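Next come two complexes built around subunit A: one with subunit B, the other with subunit C.
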Partner chain A sequence: MQNSSRLALYHYWVAFAAFLPAMVLGAWQMLMRSPLPAPLDDSNAYYTSVTLHGTAMAYVVTTFFAMGFGYAVTATSLRRPVRGVTAAWIGFVICLIGTVMAAVIVLSGRATVLYTFYPPLLGSAWYYFGVLLLVGGSMIWVALMIYNMAAWKRDNPGQPVPLPMFAITATALLWAWAASGVILELLGVVLPRVLGLTTQIDAALGRTLFSVTLHAIVYFWLMPAYIAFYTLVPQAAGGRLYSDTMGRLTFIMFLVFSLPVGMHHLFADPEHGAGVKFLQSFLTFFVALPTLLTVFSICASLEIAGRARGGRGLLGWIAALPWKEPMVLAVALSLVMLGFGGFGGLINMSYAMNSMIHNTSWVTAHFHLIFGGAVVIMYFAIAYEMWPRITGKPLRSKALARWQLWLWFAGMMIATIPWHLTGLMGQPRRVAIFDYNDPFVARMGPLVIISVIGGMILLVSAILLIVILVRSQLGEKHLATPLRYALAVNPPRYVPASLNGFAMWNAILVVLMVVAYGYPIGQFFILKSSVSAYEVTRQSIGAGVR
Partner chain B sequence: MVRDQGAFKLHNPWPRIGWGTAAAIIVISFVLGFPVLGRYRPNDPPLDLWSAICRGLGITSDTRPAAESRPALRTPTQIAWTSSTLDQIAAGDTQHGGFIGMNCSACHGQGGVSPSSLIPTIAGMDPAAIYKQLDDYRSGKRLWGVMGAMAKALSAQDSADVAAYFAAQPGGLPTLSGNRVPESGRSLRQADPARRLVFAGDPQRGVPPCSACHGPGGFKLGAPALQGQHSAYIERQLGAFAQGMRQNDIFGQMRAIAKQLTADEMQVLAAYYGTRASAPEPGGVASR
Partner chain C sequence: MAETDINPLRRPLPDGIIPEEAITRTENRWVAVMLGMLAVMMAIIVVTGATHALNPPSNVETIDPTTLHLGGEFVESNLGTAVEPDGSVTVRLIAEQYAFVPDCAKVPVDTPVKFRLTSTDVIHGFLLPATNVNTMVVPGFIAEVRTTFTRPGVYNMPCHEFCGDGHHGMWARVSVVPKEGFPQLTAIERTNCAKQ
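Here is the complex of A and B:
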């Protein structure tokens, strides 16, 4: 158990160590694109910074956090040490090397390709190798999660897999499916060109493959938050989970529906037909189902807890909840942000409405609100819950933790609501410098400044997070109570095989993926290419790199 | 309570739910996306079933990238300052030119000094400038009924000859030397707007100084001297350039400049160049 704990802790350290500098970059970027003066006023530096911020937040923080969380959940929910710890450490080191490689290359200005690295943008091969190592290294974690769940099932035949373990395995499977897109894109499209094996690059194929990753990766980020919703929140609130089956269904639906939907990122792309886009748009609507199920489940669980604590009346149970617990506060703030972000998301995924906001700041604001807000605030709460139990060193002050969560919530709302509005006004995303003297842009100025204020509050909150964790780490060791997961109102004694494993759901997913992506990817090989491939003549890497 | 032990056995409830839902979603989304919604287009009649399915897959009769539009090539003039052109102009025969020039004197005055304010003086004008305008009239690049008819009657050699003849006539425009004129008041702070535009231009509007090409003190091949030209004629030509009615300036520079000038500025510029003929500044211009 000791080794599993250290494993989780090291992953958390890397995640939060990458988090703080990426926050500073994010705050600087907000300043840079605002009418306010920014230090180092240089648009090249802006795009380098966006690349680093995106790579750190989207790949490094999330992957390391999910891996650490996965090891911790495996050890605590199965109540036995993680199997394959050596492999886990090897995976950790591979991911770390990949991270350092990518970061160094981006910092040296040789891979300013944004974290989506859409071709025909090309950077140094080392950047792509770094991302490959990071993503590939995390596949060891995927394998270990599956292996640990399978081993436990073999040792406990007929027993229901604990919900946390079931959910983290769903997360691992989801990540394996999601990563397949970016891995294929890098190996099949980008790297051959970057290494000089081809002269052309099929940007449309690259974008299509990346779309397989691009939406599912968001759910990979989301999953630890949802696992906390189902297994940690009811416990922290002093109640029970409303329904174990509902939890299993939620994670199954995330696995099945978050993958064949990525094309809603390509609604404006010419390489796909309207029918294929509609099909994936239609499938995307089903992703809302597990979220709605979860909101219902969590509210019901919180009501059970509130009533158990003596809350009466229609809404009295809300006041009776233990709001001093960071986890309970975080889930409430998270659900508010999830609500706003979710409505924005419904607009993004609707084929027709998407054209209003496609490629505007609306999209950036949306994913900051839903990921940076609703999900990351749960990462904080998970850290506050798990850190003391792993290290045996409790938080010095829960009040400070609550301050940090409130600041994060306030900062995120202040930053993203005006950001959405400027998107509606037509402000494009991924632009370093706006001419605020232009009358069209000038009216966005005040909103962007409000957004910057929100960004600064977020930075303060992020610094506070590190302060809280470091203070806990430097504190005295107490005997920590072991992590306990919420019990369901009716704990499962028997679970149907379909809800105790993923074989059938993976089979269904294969069918859905073939339906959704078979033709869109196949067309590039049948019809050669739906749009002509770009001839990329710019030599973007030095001879030494090859 | 042994039920649902096989995840793939369809008589078990969850496999039925899973596969059934997936199949329903696929069927509904296909039917909606391809044959139903795929038929309708915003401004055109609905497609037939087969075309709707092809459209849904992104296969249309035109899947190639859109061709770049190619606007028709329009050149402001057919003149190019090649050495052969310049040689031909330089070899102009003034005697033959004088003979042809008798056709011109009815409008442009005896010896090319025009009595009419809307008809330019051509005596002393650079032969290349005259040659170019005649060629533009002939090819329809500069439009004026009388001059078009006159020019069409001339060959290229005739144009060179008549240009040489009028260039040699006295009493008209000064010869441009390209020598810099030492003159005070060339700065942007000059109060008189005409002098400011003539000698310093207006960099903020992208207007170069007029004198850089038209003198005094500057000379560009093909640009006529303006000192001594009729004010009304200059003003009318600036207006024609500004409105795009005259388009035979090779790089569009006169159209670009004239568009930036206000009506008042055109007037004072025309007046400045026009009055300089009667009262040249002492020591100002190198006179012929």
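Here is the complex of A and C:
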């Protein structure tokens, strides 16, 4: 893995080092909001914890993991060193400084605004600067992915870019597009008020800009998992990828369709009309398509592997798969969680049905299943696949890794199924304390307790992950086989330019974004809906809110 | 050894074990089925949305939160349940850290109800569990949701968007009462959910 080994390893370790404390916070939050007693029973600490848990999981773990994965994929799929390693390290340091800054400020209680930081809630400027450094630093990674792909194409004219590299570049472009919303919100709406340059703040404009990020960021988190689906899973199962073209189309569709749809998060908002909401609800349906195609491609690829291993009959190939491989086990568990989570998502994105569950614990359940479940379990499997290649030391051990994956799956299901139900019963999310003496809330008590059990299992699984990675890294050097990506059944000899680059798709995206967001954002220049805002900090609570 | 070794190199499968045409044909079939499925789902949403008039709150109506108390629709004396000339009722509420004002609204059963809310400070949420009433309350805007309650009873009304450290204390109630008794209620009784 040449020069990218250390780079990838450092990124992965920052991601997992942020992951473990964020898991502890998550488990504690579950206890806090349950009828069970919680240590440090303090509602202010709860909201600080939610802010930290969200910021760590949504920005830190994912961004560092994707960056590390990107460098590893670049080196191994192009089979040559990553270009721009110095810039990559500079980006790493910038992201790390931003992370530490944001974490310290949140811990000090000066930015309890949750990771969505909806203004006019305001926190310390240093928190927003921290997030900006993290997001901005990752743009160096975006540039490096684009640069490495372009350089390879220049050196290999007419050759199809290897699918893993094509997909990670799509991921980088998606992240650049997605991040534009949050960057514009922070620079254009939040920071001018926090720094005292203005006295007013447009809360609705802030929400609208954030919605540009809010849905696409989930696909940024998802992409490494999908890259593993297409390029690592068939290889680990001993088969071939069913179709290279379908893989390319899938990643292109994620790039194009995950962006002009963010307003389905704003269905319940009064600042947008029915027309634009309906349009984006319609567009949202298309983003289900790449996932539905992926499920087919991956099952077909696994069937090829199962039959090559001697599986016979309609379903015999399933039993013949190498279930001892963490990657194979992980993909099965991931697809089950993706199924449940995706079903919930179809309700959320339905223009009218969303009203039943908007901002209830149903939504918490949905994104924990998709991101915390289907995606993160693939992060684990990727780590197990890559650790031996990066460190040159074998995984200790695959059996322990399988235990960790099963525990994660069980914990996530036990935690999120009750949340779906309490959401339907009308339990709001992001609430520190419930009055379980109230008959309305009391009915949810047993379900909430079950979900806490799931949370504790998840915490055990997270600790086990770190144990496995540390144990492996402390082990003895061992000659590892190089990382190989699955080849398609019919490897592409030539692909059209549209499936070998992103210029045309970026142009289409510009048009779609103008159609989808031009009016919703433009209207705020006419509406004049700014309101006065004030800083919400710990001190102001003690001293009376205003 | 077998347990710690990673992916021992197996004999790779040969190229083209499934012909390209067969793969393309199968994939096209799958794409058609999936597009059909999505089209049916979309059609259901369009048809139910249009025939049941199921629209999320989408009245784009601005208001200046700094002058709410001075006059106009959200002046204190105008909050709570009001009966319209056509017999329907309108409930006006203000959401602020950390309460709804008033914290109770009585409405008659089987009557069209229009909720109009706005915020004086940060973003709040308005949710009546087990109904289709669900909206964000964004400062600078009036959120309007319509519904008709078919069953009498007390509905809890939590704020569902994080609005600061007192968020968990922000619960109010909507009390749906029989149609007959409603007109006789005084203004004070209409904003009091305590049991008599």
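In this section, the second predicted complex is superposed on the first by the 524 of 546 C-alpha atoms of A that agree within 3 Å, B and C clash if a C-alpha of one lies under 4 Å from a C-alpha of the other, contacts with A are read in each partner's own complex, and residues count from 1 in each chain.
The criterion applied here is as follows: a contact is a pair of C-beta atoms (placed from the backbone, for glycine too) under 8 Å apart; a residue touches a chain by one contact, two chains touch by 3 or more.
On a predicted model such as this, the values are computed, not experimentally measured, just so you know.
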Touching partner for A:N354 - first (subunit B), second (subunit C), both, neither: second
Touched partner set for A:F282, first subunit B, second subunit C, both or neither: both
First (subunit B), second (subunit C), both or neither touched by A:P496: first
More subunit A residues in contact [subunit B versus subunit C]: C
Partner chain in contact with A:M504 - subunit B first, subunit C second, else both or neither: first
Subunit B versus subunit C as contact partner of A:L293, first or second or both or neither: second
Subunit B versus subunit C as contact partner of A:Q523, first or second or both or neither: both
Touched partner set for A:L512, first subunit B, second subunit C, both or neither: first
Which of subunit B and subunit C A:K153 touches, first, second, both or neither: neither
Touched partner set for A:R80, first subunit B, second subunit C, both or neither: neither
Contacts on subunit A seen with subunit B and repeated with subunit C across the two complexes: 271-274, 278, 282, 286, 523, 527, 530-532
Residues of subunit A defined as touching subunit B within the complex: 256, 271-276, 278-279, 282-283, 286, 494, 496-499, 501, 503-505, 507-508, 511-512, 515, 519, 523, 527, 530-532
Residues of subunit C that touch subunit A when the two form their complex: 3-10, 12-13, 15-20, 23-24, 26-27, 30-31, 34-35, 37-38, 41-42, 45, 48-49, 52, 54-62, 64-66, 97, 121-123, 125, 127-130, 132-144, 156, 158-168, 171
Contacting residues of subunit B [partner subunit A, same complex]: 1, 3-8, 12-15, 18-19, 22, 25-26, 28-30, 32-34, 37-38, 52-53, 55-59, 63-65
For the subunit A and subunit C complex, residues of the former touching the latter: 43-44, 47, 50, 112, 114, 118, 120-121, 202-204, 207, 235-236, 238-240, 242-243, 246, 266-274, 277-278, 281-282, 285-286, 288-289, 292-293, 296, 300, 304, 308, 325, 346, 350-356, 358-360, 385, 388-389, 394-399, 425-435, 438, 440-441, 478, 480-481, 484, 487, 489-491, 523, 527-532, 536, 538, 541, 545-546
